[in-house]
Every structure is written in C-alpha cells, then in structure tokens.
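The following blocks contain the structures, represented as structure tokens.
Here come two complexes built around chain A, the first alongside chain B, the second alongside chain C.
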Partner chain A sequence: MNTIRALSGVVIKELYRRKDFYVLFILTALITLVAGMHRFFNDPNIVRYIKDLCMLLVWVSALVIAIATTARQIPVERENRTIFPLLAKPVTRWQMVLGKFMGSWLATGVALLVFYIFFGIATGSREEASKWPVYFQAFWLQWVMLSVVIAITLLGSVVFSAPSANVTICFIVIAGILFFGGHLNVIALRNAEPVQSVIYTIYYLIPHLEWFDLRDRLVHGWGGVSWLDCGLATLYAMAYAWLFLLLTWLVFRRKSL
Partner chain B sequence: MKASPYWILALLIAVCFTLAVTLGLRFGDPAEHPQSNNAFKLLFGEGQKLFANQFYVMADVYFHSGYYPSVFDKQEGQSDVLGAVHGKSDNDEDTTNVDFFGAPTDWINRFGSHFRVNQHTHLDQGAEAQEILPWLKLAADTNPQMIQTYTVAAYWLRKSVRNPKEAEAFLREGLRNNPGNCEILLELGRLYNEDYHDVVRARNVWTVALQRWQAQNDDAKKDNKWLCDEISVNLAYLEESAGNWQQAIRYLEIAKPVSPTPDAIQKQIDEAKRKVTSDK
Partner chain C sequence: MGAILQTENLCVEYRTRGLRLEIKPALKELNLSVCAGEVFGFLGPNGAGKTTAINVLLGFIPPTSGAAYLFGIDVRRPIARQRIGYLPEMTYYYKFLTAEELLRFYARVFGLSRLEADKRIDQLLKLVELEHARQRLIKTYSKGMQQRIGLAQALINDPDLLILDEPTSGLDPLGRMKVREIIQRLKNEGKTVFFSSHELGEVETVCDRVAIINQGGLKTVGRVGDLMAQHGANLEKVFLDIIGYQPQSVT
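For the complex of A and B:
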C-alpha cells in the first residue's frame, strides 16, 4: 500500500508542476467570466448559458487533464529509463499499474475539485442550498467516470508505441462513447444482420460513460438523481476501471522493457 | 544573453495592447463595418451561417429545459418554441405529453434514463423563458436572414420577459437586415397592438405587411399562406373593434381562401354582414 501511495504521490506532484492544469483553468475562468459579462437584451437574470458553457469547459478540461496526464506515465518512465530502478526496488508491475492509476485519478480529482469550486462560486452563489447535492453528485459521477477514462488510457499506454497515438485514440474512443454510446441500440435496429449483432455486442460491451453526465440536470435546475442510482453507477464504473487495469497489467506483465 | 521573464512579459503585454488597438480601429466601429461587428463573422466569414441553425436548436433545447431528442430519437414536426409564436399554446395542443425517447428497450437504456432529464416541460410554464434568448440572439447574429429568430425572440420578450422595448429594437434590427419582411412586420404589428395599444401604428404596419405578401410571386405565396391568413384576420379584428364592418369583411374575404378553416372565416363574414345590415 505504501508503494502505491508513493507512486501516486509522484504523479500528483507532477500535475502541479506542469502547466496543463493552470492553462486550462485560466482559460475556463476567462471564457466564463467574459461570457458572464455579456448582457443579452439588458436582462441580468439570464444565467443558464453561462452555466452550460462553464460545465462544457470543465468537462473538456477534465478529459484533457486525465488523458494527457495518464498517457505519458509509463512511456516516460521507460524513455527516461527510471522504470528499471523503480522495478528493482522491488515494485511489482501490478503495484506500478495501480500506483500510476491512483496517482492520475487523484490528481485529476484535485483538478476537477478546483474547477467545480470555481463553477460553484461563479454560478452557484445564486442557487438555493437545496441544489448543492446535485453539484456534489455531478462532481462525484464525473470523477468516477474519469476513473474508467484513466484506466482505458493506461491500457493504451502499454499497447500503443507513442503517447501521442494513445492520446489521439483515447480521445476518439471516449468522445465516441459519450456521443454515440447510448444510441448504439437504436443504430443497431436500423441495420440488417450481421451488422446489427455486431453493433449490439459493442453496445453491451462498452462502458456507458454518458450516464455520468449530469450537466443538463445541473444547468436546467433539475434535482439530482437518487443516491441508490449514484451508488450503482459508481460500482459500474469501478468494475470497468478494474477490468481495464487488469487488462493493462496482463499486457504490461509480458512486455519487454 | 538570457532574457528576463519580466522583459518577455512586458513585451507580450505590449504586443497584446498593439494588437487590441489595431483590431479595435479596424473592426471596432460597427457603423463603418456593419458586416464585421461580431466575433463569429470575423472568425468564420460566411461560414458562420452554419452555426445559426444549431443556435436556434439550442433555444428549443433550453425551452424544454434539456429534455430534447437527439438525431437518433423521435423528432418534433415543428419546434415548440416557434409553435407558441404561431399561436399553438399548451392549451390548444399539449405537446408536453410527447415522449421523445420512447419506452426503454434494455437495462442499459432503462438505467441510463435515470440520469438524463426525463420530463417534457416547457419554460413558459415557469416564466423562465428569458433563458432561450441568448441563443436566439446568437442565431440572428450568425445568420441575419433567419427570420424566425427575430419573431420568436420578440414574442418571448413581449410575453414572458415583458420587455416590449427590447422586442421592438430586435424586430427593427430584423427589418434592417430583411427590409419589408412580412413575418417581422406581422410581429411588429402585434407588438404595437397588444403591448403599446397603438392601433393606428399596428394597422399601418399590418397593411404594409399585407401589401408585401400580395406583391410576392405565386410560389412564395403558396409557401406562407398562413402569414396572409394571420395578417388579414388581425386587420379584420382591428376594423371590427373600430366598427368598420365593410373593411373587416374585405379582410376576412382575403383570409378565407388561404385559411386552414375557411368555414369558420365564412361564419365570421356572415356575422359581420348581419352587423352591417342591422346598423343600417
């Protein structure tokens, strides 16, 4: 456990030493503030488009931070040859995978928390106290969803040769799941066999990341989801994260360094 | 020689300031550059019109508070945000019972529906319709020839936000971009009649709107018969309330061939004729 904690500590330190987070945070804050200063039809009560814009930027930024941070973890260790003393400590390959995962997930969580605090200050100050649980649920579900994204990226980092290829492919896959994942059943029904079965299989196999997107509920003032659903979704994401971590370990275990 | 970061920062600030002043002088005066007064125009040129439709759809999404079909789901015939402007209120035809997503087909779909917005509501029920306005303004900025953005925004500015001044300014902007457009003139006439209670100006605007409609070619008339119907019926009501029955009959007769309910119009004509004879 100490080994995993030490490994993840290094990843968290790396996040605040790099400029990615700061640049994305400043951009998000600037765009939101500029949008907030604009008055449409001299009406000061129009707020939803600002919330929408801010949440979109938070989602994009969190995905960029999660994928970009995770994708370089193992390749950089190999490139700098620091992986050899690390594995000689002794640190097992499973511990290394788990440490890198925990570090990336916690680092992304810290960044996400900062984004949500900004979002809360910028737009939530006008909300009633009863709305705060949905803010927490939106944060929690997004963070849990990012655990799956990080696990997929970690698997990509041991499969693909270069971090750039991994980042590009992960972005395409994650965006594809977010935009089309929930509609694959409808698309399948519009196709003839065997394409229908292939699409249905993909539909049942992929992690449904679109569930974890509570932006519409947050922006349009709907309440949160039930805590039971929140818990079940968390278990679902954890199961997929573990599955991808296991696959990462299986590939990494047999990989020559 | 190693440059100090402070010098680099100072240089960057100087570059930003110079750029801001140069661009401000080139594009800052909308009177001199009427076509270049928004960021979208500067960035995308004529390509900005591609965004207008998406912004208009966003207004409809906001009107439904996020409950909206994707391209894969059941679609609406006409956007609800426009339907209200054309007089289809929830009392006439309750569109909020339309389920875009249908019954869940499997456990993934069923569980997923717990997380998305799953209630069909309209913002006019909660008097928060002003939330759709930014998208309509953006749609009009990106495509000034998209007529419904002006009429829809003006309708909600009048009915929900109760701000007829802004509605009039926006309609006039629409008229500057689309001179003599009958749809905008119809909405402007409504504003004068219903909000300012200025019957004379309403009559003048609707008369011009009717003349413009009649001056169109046959193909254009066929596409927007409803417009002639609404303008003539509105003019007929105006004349009826002023006691000008002959004039009212004339407008109702213009409306009859283009109305979806000619029998109802005929009844109104008969009623008006009876009034004329009883007055004599």
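For the complex of A and C:
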C-alpha cells in the first residue's frame, strides 16, 4: 500500500507542478463567470441554458484532464527511463499500474471537486438546500465514471507507444460511448443479422458511461436518483475499472522495458 | 564467502519481428558469481550483452534459459530486489520534484519510516554533495548533479549490493572523479558493487575482479592484478586482447 500511495503522490504532484493545473483554474474561473451571469436574466430558459453549458464544460474539462494526465504516465516513465530505477526496487508492475491509476483518479477528483465547488457556489447558492444531494450525486457519479475512463486510458498507454495516439483514440472511444452507447440497442434492431448480433454484443460489452450523467437532472431541477441506484452504479464502474486495470497489467507484465 | 549475485547458464534470446522469425542470442550460458564485499567490474564492448545481463538481474526481462539469483533468491521474485540499489546508465529523474522529494518517494517505496527517511536523506545528500541543492527542482540540475542524485536514490535503502550501469557515462572528469570517490567510499564500507563501465582506467582503480564478455559469451573472469600480470599489460590492453581486437595500420 505504501508503494501505491507513494506512486500516486508523484502523479498528483506532477499535476499541480505542471501548467495543466493552472489552465484548470482559468477554466474554472471562466465557468464561474458564465454561471454567475445567470442572475442578469429573469428568463428561466436562459438560466437553464447557461447551467447546461457550464456542466458541459465541466464534463469536457474533466475528461481532458483525466485522459491527458493518465495517457502520459507510463510512456513518460519509459521515455525518461525513470521506470528502471523504480522497477529495480521491490515494486511489481501491478503496483505500478495501481499507483498510476490511483494518482490519476485522485488528481482528476481534486480538479473535478474544484469545478463543482465553483459551479455550486455560483449557481446553487440561490437554490434550495434540498438540491445539494443532487450536486453531490452528480459529482460522485461523474468521478466514478472517470475511474473507468482512466482505466481505459491506462490500458491504451501500454498498448500504443505514442501518448498522442492514445489520447486521440481514447477521446473517440469515450465520446462514442457517451453519445451512441445508449442507442446501440435501437440501432441493432434496425439492422439485419449478423450485424444485429454484433451491435448487440457491443452494446452489452461496453461500459455505459452515459448512465453516470446527471446533468439534465441538475439543470432542469428534476431531483436526484435513488441512493441504491447510485451505489449500484458505483459498483458497476468499479467492476469495469478493475477489468481494464487487469487487462492493463496483463499487457504491461509481458512488455519489455 | 557466499555469492550474493549469481547466474547459472544464463541465456537470453531476442526474437525479431518480421516476415522471417530470427532468433538473436544476447547472452550465451553466462556463469557469474560475485561475493559479498567485492567491487566487480562487468566489461565488454557495446552490444556485448552487459545491459541485457543487468536487465535479467533486475527482473526487467526473463531469461530464455538458465537462472539468476540475488542473495540466493530467484530474480523473478520482487523480494530479491529489497537489498539492492540500482543506478541506470542515464536517467532523467522526475524533473518536477526536488532532490529531497525524490529521495523521500523512493524511501516510501522501501517502507522507511519518516524519521528513518529524514536521517537517510540527510546522509545521502551529504555523501553526493547535493545538500545545497536539496530544495531545487531536478530540472535545474546539471548532468553531473543528476547522476549524483541517481546514486543517492540507489543508496536510499542502504543496500548490500549496488548495481551500476555505466555510472560515469557522459560525465566530465570532475564528475567522474566524484562518482569514483563515492564508489571507493562504498567499497571501504564493505558494500558489494557490480558495475559495467567503458572507463577501463577507472575499473582498474576500483575493481577487485572483472568479467569480460563479448557477443553474449563470457571471455574471462579474474582478479584485475592477475589478468594484468598474465598479459603483461594494463587493463585496456588486456581487454582488447581478450575481445580479439586487431589494430589496423593507418596509411
């Protein structure tokens, strides 16, 4: 556990010592500014539209931070050769994968929390206290969803040699799942065999990241989901994250340094 | 005295990826034995298999056949690396960390307590003469300073065996001398040092025994003084003779 904590600490330090973290702050400030503007409008539709836009920015920014931070972890260790003194110590490749995962996930979580706090202060301060659990659920589900994204990106980082290729492919895959994942069953019904079976298989295999999106509930004030559903979604994300981490380890343990 | 580093008929083969499967032997039945307290030089021309042998010893690559042991434990088990320190050829350490943070990170990997780590970090920074730069980010370090912080990280766990892969490569004469002094000091402390180098003068100065390999095979192993006496020449000449170098006349 010491090793995993030490490794994740380095990932977090890297994030706040690099420029990314300050880009994040500027983005957060912009979001807050935009969100704060809604007090000038009395039209609830415009207020909703602005909140929607802010949440979209939060989602995109969190995905950018998660994928960009994770994609470079293992390739940069190899490029700078820091992987050699590290693995020459009693550190297993599984510990390294877990350490990088935990570090990236925690670092992204901190960034996401900053976004939500700014967004919550700007938009939620004028709302009823009963709406705060929805904010928490939205944050929590997005964060657990990011654990799957980070695990997929980590797998990509041991498969593809260039971090840029990994980032591009991960963005396409994640965006594809978010936009089309929930509609694949409908698309399958419109196709004949064997395409139908292929699409259905993909539908049942992919992690349904769109289930973790509570933006509409937050923006339109529809209330949160049940805590049981929240817990089940957490377990679902954890299962997929572990699966991808296991695949990462299986590829990484056979990889020559 | 028991061997703390041992290889038994160690073979490593690389398979090329292409239309035709080709097998390239990198190590051929390497048998080495390094005893506690000795400084052992591992010599060979570029591509001889030195780094491959070190990579097997550190568990980075599995042997095709044969075995390697550190402290009697198979190198494939991570616990075999608990009592070793390793300095790779040229590494760019986490440049966003300071020297102190870097050493603290490695200390945590070894499970050292905070108090123990503090003490060890102070000792090591003094040893490698980087006390003045302990709070500076590594990205501001010169090549020589980077190599010295590398040496410090290799010593964080107070290892019984140090494996150094060309520790003075790319350093200026002053940097080389400082690294050599540190190796000499470790030798005096009774540490076992296994290192590969192309600086034969340096090997002659600090090593008790040397092994010379070429094209993956062990050519000779023995005490530095004995080898020089046998060939009636310095280590450089011995090395060139053993690897079969034929000087060509320049016209």
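Note that the second predicted complex is superposed on the first by the 239 of 257 C-alpha atoms of A that agree within 3 Å, B and C clash if a C-alpha of one lies under 4 Å from a C-alpha of the other, contacts with A are read in each partner's own complex, and residues count from 1 in each chain.
The rule is simple: a contact is a pair of C-beta atoms (placed from the backbone, for glycine too) under 8 Å apart; a residue touches a chain by one contact, two chains touch by 3 or more.
If you're wondering where the values come from, they're calculated on a predicted model, not measured in any experiment.
Chemist: First (chain B), second (chain C), both or neither: which does A:89 touch?
Modeler: In the superposed model, A:89 contacts chain C only, not chain B.
Chemist: A:6 contacts which: chain B (first), chain C (second), both, neither?
Modeler: After superposing on A, A:6 lies in contact with chain C but is clear of chain B.
Chemist: See if chain A has more residues touched by chain B or by chain C, and give me that chain.
Modeler: B
Chemist: Between chain B (first) and chain C (second), which does A:227 come into contact with in this model arrangement: first, second, both, or neither?
Modeler: After superposition on chain A, A:227 lies in contact with neither partner.
Chemist: Once the structures are superposed on A, label A:22 by its partner contacts, choosing first (chain B), second (chain C), both or neither.
Modeler: neither
Chemist: Between chain B (first) and chain C (second), which does A:185 come into contact with in this model arrangement: first, second, both, or neither?
Modeler: The answer is first: A:185 touches chain B but not chain C.
Chemist: Given the touch rule stated above, what does A:136 touch, chain B (first), chain C (second), both, or neither?
Modeler: A:136 contacts neither chain B nor chain C.
Chemist: Please report the chain A residues shared by its interface with chain B and its interface with chain C.
Modeler: none
Chemist: In the complex formed with chain B, which residues of chain A make contact?
Modeler: On the chain A side, the touching residues are 40-43, 45-49, 141, 182-183, 185-187, 203-204, 208, 210-214, 216-217, 219-222, 225-226, 229, 232-233.
Chemist: Which residues of chain B touch chain A in the complex?
Modeler: Checking each residue of chain B against chain A gives 62, 65-66, 70, 72-73, 105-106, 108-109, 111-112, 114-117, 119, 130-131, 133-135, 137, 153, 157, 161, 163, 166, 170.
Chemist: Using the touch definition up top, name the residues of chain C that touch chain A in the complex.
Modeler: 55, 58-61, 78-79, 81-82, 84, 86-94, 96-97, 101, 105-106, 108-111, 150, 153-154, 157, 163
Chemist: Under the definition above, what is the set of chain A residues touching chain C in their complex?
Modeler: The contact residues of chain A facing chain C are 2-3, 5-7, 9-10, 13-14, 17-18, 80-82, 84-92, 256-257.
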